[in-house]
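Some structures are shown below for you to check.
One chain, subunit A, links the two complexes that follow: it is found with subunit B in the first and with subunit C in the second.
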Partner chain A sequence: MTIDSLREYLTVLEAHDDLSRIDESVSWNLEASAITMLANERDARIPLFERTEAARLVGDPYRGSGSRPWNRIALGLDLPRDLSRYEFYEAVIDRLQNPIPPTSVDAADAPVKERTVTGADVDLLRFPWPYIHAGDGGRYSNLHTLVAPDPDSEWVDWSYHRAMVHDGETASVLLLAGEQTPNLYYYKYERRGEPMPVAIVVGAEPAVEYTSVMWIPTDRSEAEFAGGLKGEPVELVECETTDLRVPANAELVIEGEILPDARRDEGPFGDYFGYMHGPRRSMPVLEVSAITHRENPIIPFCVEGSGVGYAENSTSSMEAGCVGPDATLGLRTAGFDVECCVPWTSTPRTVYVIATDRSEPGYLHELANFIFTTWGMLHVDFFVFVDADVEPTDSRAVVEALALHADPDADFHQFGVETMPKVPLNIYQTPSEKGDIQTGTSKAKTAKTYIDATRSEPAPDRPPELERRARETLRAAGVDVNVEDALLGDRPPRDEPTGGWRR
Partner chain B sequence: MSGTGLRSHLDRLRERGDLVAIDDRVHWDEEAAAIAAIAAREGASALAFEHTPGRVRFVAGAFGGPDQLAARDREPWDRIGDALTAGEDPATVPPSHEYGDLLELLAGERTESAESVDGEPAATPDPTLDLHALGLPTLSANTRPVVSLGVLAVDLGPESGTTWVPVRGGVRGSSRLRLVVPRAFRERLTAAAEEDGNKVDGSEESGAKSGGREPGTPTDPPAVSLLLGVSAPVLVAALQGWIGDRVRTDVPELAAGIAPTATARVDGRLVPRDAEVRIDGRLRMAAPGGGELTVTGSTPDPASTTTTTDGRRAAWEAACETATVVLDVDRIATREDPIVAVSPLGAPLSDDTQLVSLVEAARLYRRVNGYWGVSPVRWVRLPPEGGLGMCLVASEILYAGFEWQLANTLFSFSRLFDKVLIVDESSDPTDLAKALDDMWVKAHPANDWAFSEPHAPSATATRYRRDGETGSRLHIAATWDPRWDEEYIAPRVTFEQSFPENVRQSVAERWDEFDLGRE
Partner chain C sequence: MPGTYVTSETNLPPDPEDGEIRLQVTDQHTKEIFDTRARVSRDPDSLEDPEPLTVLKGPHENVEERWYIDVIETDVEEPDVDVELLESIMDETAARNNVINTRSREVKAILLYLERTGEFESVSEASRQLMLDHLAEEYPELLEAYIDRKVERDRDGLRSALTDAGE
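Moving on to the complex of A and B:
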């Protein structure tokens, strides 16, 4: 069974006793996010708020469990939620290598067209966009897919940029130059004095949501990769006021244009670092031309900043469950011999761990350089390389590698000092260093570092038979240890990446 | 004093559901150690091996705990905390332990008289036993049975009295053990003998009583007891006495200062009365044949350890210089159905690593807070997860540049690590994940990651530069710059800080109604 919509996904969660419907009245004004943050901290069920105003809210629907952050991402792809990290990554990588083109449906057959509002009737404030943290600059839509076209080709980018609602018709959108959609805006549309047509797809089906956080190569169809992930074509429908096509099963779509040479306040906002990012900045303005939605739509949101430390949220789990496999495939396709690339489990986005058999200094430099100049340019500051037999999602093992095998004298490699671009969200920058410049990046530059925490000597080996027997004894005694996946040696050799994937 | 012995500790763990019985028959030869190592790594409960071929049963993880990089029901130090705070009434042991309380307890280095002897030792001699019959575990194939968590009791003379010393060793035949001890201990023994006008060479032939011996002639090898299956206060006090940069010999008094510790006398020396196994014998300072025994720095000499433990050493050996000695066994005494705490040496999160982590952190906490006339440091951690190669410190930053001063003070007090992470004083010692998160997001990758000049001594817990080659040290300041204006300081996103009180209260009151479950 494929998962065709957010609400179908939520039904699956409910069937797994992973979702609670909250029938009591809950306010969008901090209350829904407070409940969600507590649920995140407590590894509790996903809260679906049935009674807000004019729509429903669901808090961090893609948040995984603390021990297996990808488990609900897996449910969204109709994969078993108890897959090991290795099994899950290989399954997603396999699907990404088999893209499936989307199909088109008429508006009459598109659930997202059940209600259509255009022109003067458009009113963003009819919907319960949550006010997420006390101190935020406003109410946000922050778990959605931004659809934006390249003005010079057929390519359409799907990405993930939060929007702060200003009034019934406008919002400011966080666009940081260096990423694909912001680059389209700043260096094509705005330079030409043209508005960028966009659609914000709220409550898309899981495969679409997952694809929008991945770094899909320029010129490639995001919809095809979403279809690959899903295992069936994604159905698209034409927008009312632009030429864009959007997922037909979405809960709600905001159509409009991001205007050239116009800025509105954006932020402060409790950000993925786990801190309130500030001060308020100026960001491009979205002017809304239409809103289409299902009956009684469900608006997902993420309590950003709550996915650090032990807790997960949608952002941190999608980093582990979507960006990780995507990055792993990208590195393998680029010719790098990596076991996998995963985010540091308690820190979304800033630091990644790469397990590899290769530890030659030149090799690691090239690997880090490749990422720092592509998808990791803005948000990733650190890479930690560990041996291929170290499970990168095992934070204990990675901390051990870092502490015991990374020599401050030889294994910490800074890519220049104050030479590299940076997002203004970082809390280690002063407001003056962050600046407030036209393209959303910081005034100040930064450094990036990779750390070679691979061993200089092979690890002492325990005979596999002894390892297995020991684990079986523990299990017989009631100790929860895995037997089957205990040994990396059990894994089959990897196939070379195939299909249409090329960066 | 029923609360302080190993058995009482295990009873408490069992009551808490934190001790799992391994009822399958498990061989002491590498199998038990493999099981213990996996259990430690996976954060499992302590394990009681109920069926092993030898006289003793083992318990692994009695002083261990889960890693702190995931949310857990218990903290890594809770089992040690249980064992240290048991007192006379086990019912008063709290369900969990504040890390700061344990630091204060150990940093206090309080002493109590250990002279209140409590009758006969619980272990009674069994002439039928030899070392092999004990059935101590080996760590891997083709290695010797190992002593991993024990102390050596030695009388240092009328002035110093008895001291207890951490040991690690291996069985060498049915009546001989080769032991690694702190080098300072060996030197102390040598000096004590020389003060008496005798020379300690420990030749194989020495066996007669020393009475009437001419000054300058070889003295008798000192009589000692090796105690296994002892309580946490005994193990901790031995570490407090002998590792680090200052030696103290009043270890029984330190143990009594931590928790009531029943003692008894054996041939004039104090021993923990509740020890499960006591191996009495004589200690030789030299190898059979009079050859030199190995004396190493805290960087291990593989040649001295390979045949016993496959190169694996106890964690405390990285914290002091060591020497090897030989114990010739005269008799072995055990309690009925003895049970001995063992540690899977070299495995992540092993008991010996957890113990040293806490003792060394408390020592550093005491040192840095007694150094500048003020006490800015809230806590120090040497996470066992990092194998003691990294130190975390939460401190007030007194002035610009204090981070550098603090890190380098820690480096000068301990050789174990060459990486110091400084976090804000408000950081929670129970949330290692968040402290490490600050390392990545709060410290500027260029400005706040500071490497020393490249001629610092190598660290002893790490796995590189084992030949002692010098190199850089690293400290990371994940703290707010004291020069920053308040407006620059980003508030943390937390339930407490991100929502007003009325919202928090409403959510807390209605939480059960939401049926979100799973805490």
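Moving on to the complex of A and C:
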């Protein structure tokens, strides 16, 4: 079975007794987000708000549970929700290595075209875009896929950038240079004085949403990787007012252009760091030309900032469940001996942990440099390298590795090169350091760090069959080994990467 | 958050209480963001039809100050800046003299008065400063577009100079 739409995914959640349908009238103004934040903190069922104006809202639909933040993401791929971290990562990596090209459908067959509004009838404010945090600069769409084409090739980028609604036809979009779509806009379209056609796909099927947060290389087809994840081609349909093709089973699509040399306020916003970030900054302007949608559409949103600490939200779970396996595959494909690359639990994006068998200082430096320069790691401030037998999603194990093996004098390595862009949403930069309003990204303070927490001596041999036998013995004796199972499962030997994910 | 309208301190022009201004505000209830022609003041008695205005301050805009706003017109739009035209004019003015000529007995008299009462050092300074103040108030987007381009040109010039010096 494949999960072909967001609403089909929600049906699957409901079958697992994991969805709360809320029939009471709930306001988009702080109420929906407050309820969702509480659900996130309590690891409760996913809330579907059935009575907000003109459309439904669903709060953090991809939020996972504490010990397995990928569990609901797995359901979106028709995978079991109780897979260990290892099993889930290898399943996703296998699918990414087998991309499937998309197919096209006519508008008549595309659920996202059940309603179409263009021109003067376009009104963004008809829909219940949530006002998520008190102090936000406006209402936001922040769990969607932004589709933007390269003007010089056939490549189309699928990515995620929050959008703040201004009025019926206008939004500002957080575009930070260093990421693929913002680079297209700032360095190609705007330099040529041309508008960038875009489509914001709201409530796409899970495989599409997962692809939009992954690090897919430039010039590779995002739709193909989404098809690989899904196990079937993604169906695409042409937009009404541009040549872009968008997922036909999405809930709602906003079509328009991001204008050159135009800026409007964007923010403040409580983003993934977990605090209210301001002040507002000038960001590019989206002018909306059409809105198409299903009947009674469902608009997903993320309570950003609620995924730090012990709680999860869609962002933190997708970092662990989508970006992690994708980054792992990417590093292996680039020839690095990497067991696993994951965001450190409780720090969506800011810190990544890499487990590797190779720990020579020069090798780790090369690996860190590759990541920081090749993928323009805007959001990651530092990496922690651990040995391959340290489970990187186990915070205790990572802290233990740091305490035991990271020499403050020799194992903390800083990068301070201006060409590495840095996200300006952190708490420690002053507004002027965050500057460069032209392209959004800070260039004033770009220090990045990696920490070598690998052993200086090899660990004693611990044959895996012995380990497995020990675990089975413990289970038979009634000892709870759930935590280890959750993380490791039964780990077969790893194959060399093959298939579609290549540099 | 109290108040019907919300704005940021960064949106307020210099001396915002001196007459009519253009101000971007957010409707507190709908969260719609739009430009207005308005008068603002900390004192509601100085306005004809005051409505509450919350002004947000601080690096994270989490400090609130109570002001009042008298909205004259909403959804005010400044015409889009023709960037190509602006660039060519900047090329033109860079190559020619920067004197602005205008004939007006009235304007000259007023400017001379301002010079002789010590408000400005010269007629030239008075006309320059007053014109720039007026442009900043009436055509902020045009001025911003000019500044952005000037900064970019200066940066490119500096970068070339550094590159040439390095060679």
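The working rule: the second predicted complex is superposed on the first by the 463 of 503 C-alpha atoms of A that agree within 3 Å, B and C clash if a C-alpha of one lies under 4 Å from a C-alpha of the other, contacts with A are read in each partner's own complex, and residues count from 1 in each chain.
Basically, a residue touches a chain if its C-beta (ideal position, glycine included) is under 8 Å from a C-beta of that chain, and two chains touch if they have at least 3 such contacts.
As the structure is a computational prediction, the values presented were derived from the model and not from experiment.
In the superposition on chain A, A:382 makes contact with subunit B only, not with subunit C. Touch criterion not met for A:15: it reaches neither subunit B nor subunit C.
In the superposition on chain A, A:273 contacts subunit B only, with no contact to subunit C. In the superposed model, A:54 lies in contact with neither subunit B nor subunit C. In the superposed pair of complexes, A:138 makes contact with subunit C only, with no contact to subunit B. Of the two partner chains placed around the shared chain by superposition, subunit C is the only one that A:265 touches, whereas subunit B remains out of contact.
Subunit A is touched at more residues by one of its partners, and among subunit B and subunit C that partner is B.
Within the superposed three-chain model, A:399 lies in touch with subunit B and out of touch with subunit C [touch as defined at top]. When the shared chain is aligned, subunit B comes close enough to touch A:35, but subunit C does not. Residues 134-135, 275-279, 430-431 of subunit A lie at the contact with subunit B in one complex and at the contact with subunit C in the other.
Remark: subunit B residues 20-24, 26, 30-31, 34-35, 37-39, 41-42, 44-45, 47, 67, 69-71, 140-141, 310-312, 346, 348-349, 383, 385-390, 417-419, 431, 433-434, 436-437, 440-449, 451-452, 454, 461-465, 471-474, 484, 487-488, 490-493, 495, 498-500, 503-504, 506-507, 510-511, 513-519 touch subunit A in the complex.
Taken together, the subunit A residues at the contact with subunit C in this complex read 29, 125, 131, 134-135, 137-139, 165-167, 193, 260-262, 264-265, 268, 275-280, 430-431, 438.
Residues of subunit A that touch subunit B in their complex: 20, 22, 24, 30-31, 33-35, 37-39, 41-45, 47, 66-67, 133-135, 270-271, 273-279, 304-306, 308-311, 344-347, 350-351, 381-382, 395-397, 399-400, 402-405, 407-412, 414, 417-418, 426-431, 446-449, 455-457, 460, 462-463, 466-467, 469-471, 473-474, 476-481. Across the interface of their complex, subunit A is touched by residues 1, 8, 10-11, 24, 26, 29-34, 58-62, 80-81, 83-84, 145, 148, 152 of subunit C.
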